[in-house]
Each structure stands twice: as C-alpha cells, then as structure tokens.
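A single structure is presented below for examination.
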Amino acid sequence: MSETVIAAPVRSDAVVSLGRQVRDPWFVAGASIYLLFLMVALFADVIPSNPPKDILFLADGRLAAALKPGWEFPLGTTTSGCDIFSQLVHGARSALVVGTSAAVVVVSVGTLVGLFAGYFGGWIDALLMRLADIALGLPLLPSVIVLAAFLGPSTWNVVLAISVLLWPNSARIIRAQVMSLRERAYIEAARAAGSSDLSILFRHIAPNILPIALLFGSIAVGWAILTEASVSFLGFSDPDTTTWGFMLQDAYVSQALSRGLFNWFVPPGICIVLLVSAGFFISRGYEQLLFPRLRD
Amino acid sequence: MTLPPVSQTDYISRETRPGYDVPPLLSVRDLRVSYRTASGDVHAVDGVSFDVRQAEMVGLVGESGCGKTTAARALTGVMAGNARVTSGSILFTGRDILNYGVEEMRAVRWREISFVPQSAMNSLDPVYRVEQQMREVLRRGGIRGRPAGERTIELLDMVGLGTDVLRLFPHQLSGGMRQRVAIALALALDPLLVVADEPVTALDVIVQREVLDTLRDLQKRLRLAVIMITHDISVVAYCCDSIVVMYAGQVVESGPSATVLGAPAHPYTMGLCNAFPDLERAADLLVPIQGSPPDLHDTPAGCRFAPRCPFAIDRCAQEIPPLMETDAGHKVACWRDTEAPILRARATEAATWMR
Amino acid sequence: MSGRALLRRLGQMLFVLWVVTTFLFFLFRMMPGSPLAAYIDTSMTQEQQTILLHQFGLDRPLYEQYALYLFNLLQGSLGFSFIYKESVGSVLLTALPNTLLLTLSSLLIAYAFGIVAGAFLAARRGTWIEAVSLPFVLASRALPEFWLGMVLLAVLSFSFGLFPAGGATSPGASFPNAFARYASLDFLHHLALPALTQAIFLQGLPLLLMRSNMLEVMQEEFVVMSRMKGLSEWSIIIRHAARNALLPVATALALGIGSSIGGNVVVESVFSWPGLGRRLVEAVSASDYPLAQGAFLMIATAQVVMNCVADLVYATLDPRVGRR
C-alpha cells in the first residue's frame, strides 16, 4: 500500500484564485502602473536630457533657478538650478530598487520564519514569535531613523533597517496559513509515505504559501517606498542618491512651500502615491493583508 | 398606518381540534418563487398550494432543494436578495400579505408570524445576552420594564429553561438550550403562526425528541399554528397533525398525517416512508429512492418525479398531474392515484426501488 | 480575561520593554566616539560631567553600568540633553503632551469619520459611489504623510493664509498655566493642520476595516433573523451589525494609538510641532545621544503598552474571548 501512496503536491485554492485575479481590473491597473514605472526606471538615463544633480545655467549665464515648467524643463527647476523632471525620473529608479529589495528581504525572511514556526511549532515557534513581538513592539519610523543614524546614511542601511522591522507582518500571516495546511490530509499522507520534514515543507507547503507571500510582497514594496521617503525627507538617507523623498526634503528646506513652487513638490508625492497604490491594487486580498496585527 | 384588527375570535372560539369546515389561518395558493442567478432563473417554488389551520401543526416535508424553505421564507417576507415571488397568493387571516408594503409587513412579523431557525448558534447575536435578546423582542410588542422581565421568565419556563440562562451569551449555551431559547423568542409576542425551519436537525436524537415534545406541548396549549419544515419524515410522523409533501418545487401530496403516512397515495411519499428510520418503530426497511431531483432551471413538461418513479407510465412524462382531493382533506398529484392501494403494496418491496 | 491570561500578557509586555531598553543600552554605547559619548558632551562643565559619570557609572565595568542604567531608568532619570542643557526627562515631559494631543485628536477624527464612512460604503455596496470612493480610500493609504502635510501647508497656510505655518503656539504667546495653553484657541488653531494631515492619513484603515466587517456581518444569520423579528432597519444596522463589526475596529484604535505616537515623527517635522518625534529627529541629527535614547524609549514604551492594551480591549469587548 505504501508504494502506491504517492503524495503529490496539491494545488490549493490560493493558487487557482491567483490565476483568476489576473483578469481583475484592479490587478490590471496595478500591474500597468508598475510596468510604467519600471520602464521609466530602466530608461532613466535616456529620457531626460540633464543629469539629475547637475546645476544648470541659462544661455545668458544666469543660474537656471526656480524656473516654471516649460519646453526645456518639463517640470521646471529647483532653487539651486537642477532639472526637476530629471530628478523625478531618476527617483523612480531608486524607488523601485529600494522598494523591491526591501520587499524581497521582508518577504523571504517572513516566509521562512512563518514556514518554520508554523510547521515545527514548539520552541522554534515560541522563539521566533518572541522575536516577532519585539520587532513589532518597536515603532517603525523612529527605529529606522536610529538604525540609519547608527549605521550611517546610505540607501542600503535604510533597506536593512526597514527589513528588520517589517518581516513579522508577513511571518505571522504565513505562519497561520502553514498551521492550517499542516493538518491537511495530503500532508499526513506525505509523512506516512516517509517524506522528511524539510521535503514536506518545501515541496508541499511552500508552493501553497507562495501566492500569499507574493501578494504580501507587492504591499511590502509600497511600505518600503513610503518608509524610505520619510527617512529621506527627515535627512537621514544618502544625499548623493536621487530619491523622491530627498526631492521633497530639498523642496521643503528651500522654502518651496511658501514660494508656491507646486511643480517641485507635488509630482514626487504623486509618483509615490501611484506606485504604492499599485501595490495595493494588485493584491485583491488587501484588507486581510493591511491589518495583520489584528486577530488572525 | 392602521391595519385591520386581527379577529382572533374567529379562530379561537372554534373547536379544539383542527376542523376542516373552518376558514384556514393561512392559505397559500399557487405560489411561485424564482431565484435570479447568473445561469438563469431557478424556479425553486413552482405552484405550491396548501392550508394551515389554527392550532394545527403542519409538516412541510421534502428533500433538500425541494423549495420548502423558500416557500416558508416567502411567508415572512424575508428572502434572499435575488429571490422574487412571481405569482400566487398568500392569505393570512384573510389578508393578502404578499402584497403588503414594507411597514405593513414589518408590523406582522413576529407579532403574528414568527420563525424558529435551523441553527440558533448563528441566529442569536453573539454579543448580547439572552435576557437582552428577549427584551428586545418584547419591546416590539410594547412590553418593557418589569412586565418584560416577568414575561421573559414565563417564556423560559414554557420551554423548560431556568432563569440562569438569562445572563449567558449564546456561545455559552448547549445546542438544545439554544434551540429552546429560539423557541422562547418565537413565542414571545403570542404569534398566531410559527414557522420552524428544521428546528431539530442540528441536534442529536435524544435532544431532538425533547425539543419536539416541548414544541408540540406548547403548540397544543397555546393553540398555535406551526409549520414544521423538515426533510426527516419521522419528525413529521412524531408530532404533526397534517403533512404537505413537496418535490422539486411542487406539492405532490397533502393531508392529515395519519392518512398520508398510513396510506400514502403518491409514489414519492411511499418512497420517503421507506427511506427513514422511525423514532417510534424500529426500521424494517431502509431503501433510498434512486436518482436525484431535477434541475429547477427548466420546468419539465410532465410530472417531475416521473424519472425516478417506479410506477411511471407514458402519461406521466407528458402531462403534470394536478393536485386533486381524494378523500376528506387528502390531496395527491398523481395520475395513478386510484391505484394507490396496489402501488402501496408493491412499494413495500425493496425490489421495486432498485433499478 | 482570566487572571492568568492577563498576567501572561502583561509579562509579555514587560519582556519586550526589557529587551528594547537593553538593546538601546548597547546600541548607544556603540555610537562613534568613546563610550562616554552616550552621556557626556564636551559642552558640559567639568562639574556636570563628574555628576553624570558618577550617576551612570561610566567608569565602572559594563554590567554595573547596565544595572545603573536600569535603576536610573526606573526612576525616570535618562541623562542630560546636550542641545537643551536640561535633563532629558524634563525635555520629554514638555514634549509629551504635544504629541499626545496631536495623536489623540487625529485618531479621534480619523476613526469617527472612518467608522461612519465605512458603514456607509458597506450599505452602498455595488453602487457607483463605492466604485468611485474605493480607489480614493486606497490611495489615501498610499499617501506619504509628510507630503500631504506639505501640500496642505502650501495651500491652506501659505496660499490662503487660513492656518499658521508651524509650531504649537504663536511666538510670543504666553499662558497662565498648562491647561489654559492647551485649551486656547491659538493652540487649537495650530493643531488643526497637523491633526487634519494625520487624520487623512489614518482614516483609511478604520474605513476599510469597518466596511469589510459590515459586509461580512450583514451576511450573518442573526442579521437575517433580526429582520424576521421585524426590527427596524436602524436597529438592525446599528445595534446588531455595527456592534459586531466594531470589535476589530476598537482593537485597531488601541493599536493605532501606539503606532501613531511613533508615526507622528514626520508630521511633527513638517509642521515644526514640538513633540516627541521632533525631539528625536533633532537629537539624532545633532548626536544628542541622551535625548535620542530617551525620546526613542518613550515612543517605544507607548507602542508596546498600547499593543498590550489593544489585546485587553478586544478580550473585554468580545464575549467569546477569554470568558472560559
């Protein structure tokens, strides 16, 4: 009997519904926005004519400062003479890099923790959940600020700090999923057939967790971009990179608000909103994923 | 909005047993209810007619999907969003409640027609205690304060519960206790008619019997009319005065229980009697009826039971038999009703039902 | 909640607090500069330096320093701020009410609006109202708070002059006592924009949560039953549906208080609001380690405590939890 019992990985409803989601208008909208920004980021060097940090001068030698949007400068210039449009485009690149890398780390760590904690239970679970409690107890932005200040202002330190604090959210959800999957009949069958724990974990359970992990990833990208923007705005990120948050900080500090230079500080914000919303649109189960700390 | 007064005297001053010369409390005629679905309309109730007399317990029996719950819900006016009553009439105490407006119907609900749900676990609001839920219902009848408290205790006593349940939340009660609370709630405003939707299906056999005894006892004492919806014919046999048997959205047989169960005239009823163990008698024969009910998207031309009927003849597939009265109060919809005694004899043999 | 479960939850809270304080202790000791740099700055007088040296045992072995650190912490003594030239405790205590008032007022507005709007949207399921509103609500969750603050500041303050540009009170204003200060029109006028900004940012969560809960609850059997009981629509929606739908929202509120105190950081910076977040940013920028440590600790404590309160609130409101 045991030779004929082959525990084949069974597709859970989550995977099937992921396929259906592709035709959902929300999903299409989100994916299109992502695609658009991806294109912009990839061709950042080619689209705008001026490098983002270059101080530019007009034909008559004056500083091209605080110019209104026009043909040469689609979004005008900053008070120090930099091309806003160029900065915006390059900012897309940073945003996607930061967002994606942070999301990848958060989701990977969260998934692994969730898998192990949920499947093995016992002291592993207790230990990992204690760690999660601690990470969740720390206030997000202040911790990122302190860590970034401690580790030095660089984009990667910010990514690291964000990852350290955001992994528990995905870990908890995945852990809950794993715990319910663990009791299913086909897992019992696999165990009876002699599969090792790790094999069961990665061959049978992980594929069913993947859709949720991916959906969480798309939201994590948004969170990471928002956090990075806030940190940059406060001045704790690398001043040499061009990020939207940094643009906003520059604008704020240069009195763009009182001078009414809307062309400077409105576009970066809109871009952030679009990109982060795209993440929410893609994940149809946004409600469940946005409120991970509440009763599972 | 003034409503015509319910002339209770018309109904109470008559005999203590349901008699057939008195106008019925509830008269359903040719009721049709459809559900609008993505794949077309489902004609869940397709021409159902039956009567309920005062102080009578009527069993509405049939398998899942035959339309019994839909028909009963149509009485209360609270149905699923995509359900529509397409034709027919419901006369309750002589009033056409099917055409009542929202507020008129709301006034009738619970005060005159109340409902005992299938599973009280989900039907009781989990965040309110039993006492609060009872008082809420009594408020509808204008009973508040001390009188409400007294009435609450009286009602609980009627269903065999003590005052200790008052402070409890629904999840703290056992299944049987919850069902009793549901019954107490249904009786709170002294309704004329109680519709009980599978009230004991979710309970284990012993508790089932206790709850049925309580219900039957109350029904007799308070002279309530009760419609007991169930798929279990033994429940009907145990406590109902008359039976209405439904199949695929239509009534196939109706009449006093003794007659219908003792001498069923419709093959479906005969099959049902075979298929269920009895609470009172040991089951000699448990034979299920082969096959399954038709898809209610289409309305077939002939008798709906014909495909599964061991006694079907050609005429059955071509014309729907009308519901006709054979003896006093006993109605059946079958072309071969005159041959009923012979068919009954053959129905008791297992071989008849095996194809 | 049973006594044992309560104690366990409190114990968990204390454990997290302990870990955070210990972590901070080690983190700040490893800041660039000598280990003394965590407490002592060259701008201090010799006398002050000696006092601090003694108080925090900066010349003693590590474990003694740690013990002294905890001991001082429990007494509320966090060191001496380099920037403000006063004890960290007093700086924070002045800043705390500002943050609390900002947090509480914005949460109040956000939740009041969110709950009502959420219930409303649930009732308008499938209509064009829902189709148009939902993207906006989702977008509101994607807004960078500080950017929203900047836009509001630019439009309402600089362009239209309706609100002050920053700070908690007008420069030069004086008040007889603290209460008069916080209740003054001047203060409220200054509070308006930051609170509004924060509220717009926060309302998405209660709104979506309430809407989602209402949709679920309206499908429940007991809601259908209450309709059969002939209860009024009002009674059904408010007493039954909303009452059940509110439970998770109440928990979210408690959690929201905790996380908003820390999340205020950017709003406080945009509006120059003199709260804990602002102090933290100032301290970190200026390498004022004692103040940074103190501010962070206060914010973290608030969050951990409110997480615990959130659990207790939920247990109390939902009779199904913890009564066994």
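So that you can tell them apart, the chains are marked A, B and C in the order they are listed, and the count of residues begins at 1 in each.
Here is the rule we use: a contact is a pair of C-beta atoms (placed from the backbone, for glycine too) under 8 Å apart; a residue touches a chain by one contact, two chains touch by 3 or more.
Computed from a predicted model, the values in this text were never measured in an experiment.
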| item | value |
| --- | --- |
| Furthest chain, CA centroid comparison against chain A | B |
| Higher-contact pair (C-beta pairs counted), B-C versus A-C | A-C |
| Rounded Å distance between chain B and chain C, as computed from the means of their C-alpha atoms | 56 |
| Gap in Å, rounded to a whole number, between the CA centres of chain C and chain A | 23 |
| Sites on chain B at which at least two other chains make contact | none |
| Touch list for chain B against partner chain C, complex | 76, 78, 106-111, 114-115, 117, 119, 122-127, 136-137, 140, 169, 171-172, 185 |
| Interface residues, chain C side, partner chain A - complex | 12, 15-17, 19-20, 27, 30-31, 135, 138-139, 141-148, 150-151, 153-154, 157-159, 165, 205, 208-209, 212, 248, 251-252, 255, 259, 261-263, 265-266, 269-270, 277, 280-281, 284-285, 292, 295-296, 299-300, 303-304, 307, 314 |
| Contacting residues of chain A [partner chain C, same complex] | 130, 133-134, 136-143, 145-146, 149-150, 222, 226, 229-230, 233-236, 245, 248, 251-252, 256-258, 260, 262, 265-266, 268-269, 272-277, 279-281, 286-287, 290-291, 293-295 |
| Residues on chain C engaged by chain B in the complex (per definition of touch) | 220-222, 224-232, 239-240, 243-244, 247, 318-320, 323 |
